[in-house]
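I am attaching a structure below and will ask some questions about it afterwards.
For clarity, chains are labelled A, B, C and D in written order, and residue numbers in each chain start from 1.
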Amino acid sequence: MFNLIDKLTGWMDKMAEGSARRMALSTGRRSFLAKTGTVIVGGALLPVLPFDRTFGAMPAQAAEVDEFSCEYWRYCALDGNLCNSCGGTLTQCPPGSEASKVSWVGTCKNPVDGKDYLVSYNDCCGRTECDNAPFCNTNQGERPGYRMGLHNDVNWCMANASVGYHCTVAVLVGLAE
Amino acid sequence: MLKLTHVAFGALLAAAPAALAEDAFKPEQVSVKETIDPGPNVFVYQQEWRGAGSLAIFAQDNLKLKGLLPTGSMGQMLIAPDGKTAWAQSSYLKRIVYGPNEQVLQTFDVDKLTVKGEAILPPKAAMALGYSALLRLSSDGKLIFVQNATPAASVTVADAATGATLQEIPTPGCWGIYPLPGKSGFAAICGDGTFSTVTVSADGKTASAEASAPIFNPDADPIFIEDESYDGALYFVSYKGVLLKLDMSGKTVAKLDTAELTTGVEGGWAPGGYQLMSIDPKIGVLFIQMHPDAKDGSHKLAAQEIWAYDLKAKKVLSRSKVSDISSLVVSKSDKPVVFGSTEVGKLFRFETDPAAGYALKPAGEATLTGFPRTLDLVE
Amino acid sequence: MFNLIDKLTGWMDKMAEGSARRMALSTGRRSFLAKTGTVIVGGALLPVLPFDRTFGAMPAQAAEVDEFSCEYWRYCALDGNLCNSCGGTLTQCPPGSEASKVSWVGTCKNPVDGKDYLVSYNDCCGRTECDNAPFCNTNQGERPGYRMGLHNDVNWCMANASVGYHCTVAVLVGLAE
Amino acid sequence: MLKLTHVAFGALLAAAPAALAEDAFKPEQVSVKETIDPGPNVFVYQQEWRGAGSLAIFAQDNLKLKGLLPTGSMGQMLIAPDGKTAWAQSSYLKRIVYGPNEQVLQTFDVDKLTVKGEAILPPKAAMALGYSALLRLSSDGKLIFVQNATPAASVTVADAATGATLQEIPTPGCWGIYPLPGKSGFAAICGDGTFSTVTVSADGKTASAEASAPIFNPDADPIFIEDESYDGALYFVSYKGVLLKLDMSGKTVAKLDTAELTTGVEGGWAPGGYQLMSIDPKIGVLFIQMHPDAKDGSHKLAAQEIWAYDLKAKKVLSRSKVSDISSLVVSKSDKPVVFGSTEVGKLFRFETDPAAGYALKPAGEATLTGFPRTLDLVE
């Protein structure tokens, strides 16, 4: 037991040290996903939880909402400032900042194709918090820290060299049906 | 060589003499107030993510601000049961938002508002929104427990008197710190729906853990990490409004009872916010933040009502309309006072009417700054 | 000339190191004032400028304004957060902070006795800026930094060990007629 | 010894397998944008007094935010004439608001938004509200001048390429830094109404100073420290609205001309705010923030109107109503664009109509944070 914990946390910490870019380049991710039902997003091993349909559905007008609004479909579990309003894009951190090495994941329905996508919310790090950008606090499928990979009340810059929180991107990393 | 050929001392010398009255005027002297005003306090942690947060101390009776204690960024606060000592865990980056991060545990003298000491923690402490379950004192008051996330979860155990780190306990997949009654240690909520009971040795340096049976379903109806103790039990509430009554005193955490807050109520009401509930043990009443039309993702919405719920009778005593309260705390009194904070910078004080099911009446407000999500009070 | 500058700035820096309390206890201040027309406030030598009456007068209702409002007469040249709304009083810094060793001076008319008072605006230092308190920005007689003793756009905690700006007190240090 | 008798890895292992579609979905990859978007920029320094300030860069044409550069607290910004390099002087206290203060000069690459270097300054730099005259580049671009206040005034001379401190020049009773045209050095405004001309040696290590004749009356009608250059002269404005045209090119500063902005205008209008005026040299027009019913102490009031003033014809061309603009900058264009900031977090863009005396028309806005009191732009 003890060995397992040591191994796991040791491995996880080591994973966390790897760069997001290196992980993202791994071509084996999708097959890994299919095999284990887990997602490696920027270095952390995260559970892929089925979208909780207990509560209501997406608003009808979601398709018309642009990506600079908190109502945009990808932002269904985002808690932070939009990087695309701070010099970045939907998936790019603003120049000079760093992408977080670890991230949390949401499951959001794309109103155009009706499919549920896994969205990695990477924080961008090492720059002053970008309060110039819209602050969004949506929480579909969000869980407290006991399901860390689904938790958005922590600073996901935690594993970076510079932990200052700047803003958040929303990156499509998988399909969940 | 600097050669100044003119005199231009401005503020230093170029003074036009003023006629000074030779009357009884006695100059005042600037000084520093020695201690805060006496009387019971409300503590609010004003968190910042790009600079210094602060621990604000208000008078319970009129919300007069008694002073601020300084912290770093992304921190948590902790108040001793006697209200005389406070702690904060926070981050100090070399360049505030970049560069090496020094995570510090500060110890404060509440009466004098001084920094009594500081200790450097292992650089793993969770940089999280304010939650009281992330920085805790052991029930004997000797140890401080710090929630870590790297994102792997663990707990740093520090000496409450010195701040010195004694050990780091891995708590993989578990979160929150709930001090065990009558012994050293804490429980934590785990991602599989169990609780882990971590017993810490007398010297604080070793620990053992024991899992409970399943307590809740984290997929179907997860619980908030906010806890409240009453009558020897610990209470949690789920996203859908199920109240859990737990026994923390055994080797493992055991479920004693459950109750549905919203049974028979129309409108899709559910609990929501951050520090979303508080129990007045004198009267056995839970005050809880509720919002209507609940759906997946609405669990952090601010309250549109605060409900007073009788824990013994298991029924809602009153429902009071409020504006955007996202965290609250209630005084321990026969006629409780509720203090609630908004996300946009207000602290509200509500008196309650025992004859009307402890319905809330606005009775004062004050200005807050930053992200004020944790409140505490000592009578 | 050069010696004089060295002496003056050296002396001033040395003065600035002295505590506000020590300076305030000096009983010789008022006679020093009368003699030189300058004020030592918390360690800095400041000019006593006559109140500039070029522009308008105090509002008529000033006498009824309480000391927790920016309209209170003592605050006629204050730029900062009121310490009496942050755990201090009109003349006391909040517990745990330090009074600034240097300060700027305003000349304010007391609507009760009609007299002009010299008001030392000491910043309180070493604590988080108290934005819980009202922020006042009045500027009667205020001058840019070329009249430093009358300037309120700088942090007057500059000569303290901890320079963090907390709030500002308004201390009556003299009468100007 | 930690003895865990249960598995509760939560996020690590307790994963419910999801059905994954085997279609054409191609995962996106998180990355970092390499450079900011091309095109002319507006720079706004967002000052903070309890944490990290930032230098915000907006597109001139649509106010889209291109990114932020990080600074410490109570800082100043400086932009190179080519707009490719920026500097900031700011304070980094060990505990953000208390403890030893390290005053840092950062050098930034504007296109990449990177910190190219930092140098530690003598701990005397003025911790002041944002004013462009407090951090300046010499006219040859080789030296940086930093305004100090202990409160004794002096100027630190640093190497613009390395940030290294070369000397500290005492400037007792004088304030503001106005680079001399065509040579190394600066002028400063002194409290007796003169200007001091400080010439700095080629290696930046020594200096000499020369006083002017009286230029203004600091008691009767003081001048703001904001300067604007046009047609070889430097312009200042007084509290009462007298425009001073100064020659900085000689051994001492000389007054060339004065003009009263408000002659013949009813309503007690006067200039006010922080960075309160800006000249478009292409058309020789000054844009200046004005407020009515001016009185002693009103000189920092935000603008209720912005006036366009023809410097050659010496007349007001237009008066445009605005809301609470406290600082502004104008582009160098035949059809200038005015950018104005408020104290409450807005950046406004105004287009001007040459046919209507360059009257302002609102044409865009963006959100600002902190205390945004200095603006700059490069075409």
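Everything that follows uses one rule, which is that a residue touches a chain if its C-beta (ideal position, glycine included) is under 8 Å from a C-beta of that chain, and two chains touch if they have at least 3 such contacts.
It should be emphasised that the depicted structure is a prediction, and the values quoted were computed from it without experimental measurement.
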item: B-C against C-D, pair bridged by the larger set of C-beta contacts; value: B-C
item: Between chain D and chain B, distance of the C-alpha-averaged centres to the nearest whole Å; value: 39
item: Distance from the mean Cα position of chain C to that of chain B, given in whole angstrom; value: 37
item: Euclidean distance of C-alpha centroids - chain A vs chain B, Å; value: 27
item: Where chain B touches two or more other chains at once, by residue number; value: 2-5, 7, 9-14, 16, 50, 52, 70, 96-98, 115, 151-153, 170, 172-175, 190-191, 219
item: Junction residues of chain C, two or more chains touched; value: 5, 8, 12, 44, 49-50, 126-129, 131, 146-149, 151, 164, 166
item: Every chain pair in contact, whichever chains are involved; value: A-B, A-D, B-C, B-D, C-D
item: Interfacial residue positions of chain A with respect to chain D in the complex; value: 1-2, 5, 8, 12, 20-21, 24-25, 29-30, 33-34, 36-38, 42, 44-50, 85-89, 91-99, 103, 115, 117, 120, 122, 124, 126-133, 146-150, 164, 166, 169, 171-177
item: Interface residues, chain C side, partner chain D - complex; value: 5, 8-9, 12-13, 16, 44, 49-50, 52-56, 76-77, 102, 126-129, 131, 137-149, 151, 153-159, 162-166
item: Parts of chain B lying in touch with chain A, wherever the complex brings them together; value: 49-50, 74, 91, 93, 96-99, 101, 126-129, 131, 147, 149-154, 170, 172-176, 188-191, 218-220, 222-225, 240, 293-300
item: Contact footprint of chain C on chain B as seen in their complex; value: 2-5, 7, 9-23, 25, 27-36, 46, 52-54, 56-57, 65-71, 111-115, 366-369
item: Footprint of chain B on chain D - complex, ascending; value: 1-14, 16, 48, 50-52, 70, 72-73, 92, 94-98, 104, 115, 151-153, 169-170, 172-175, 190-192, 194, 196, 206-211, 219
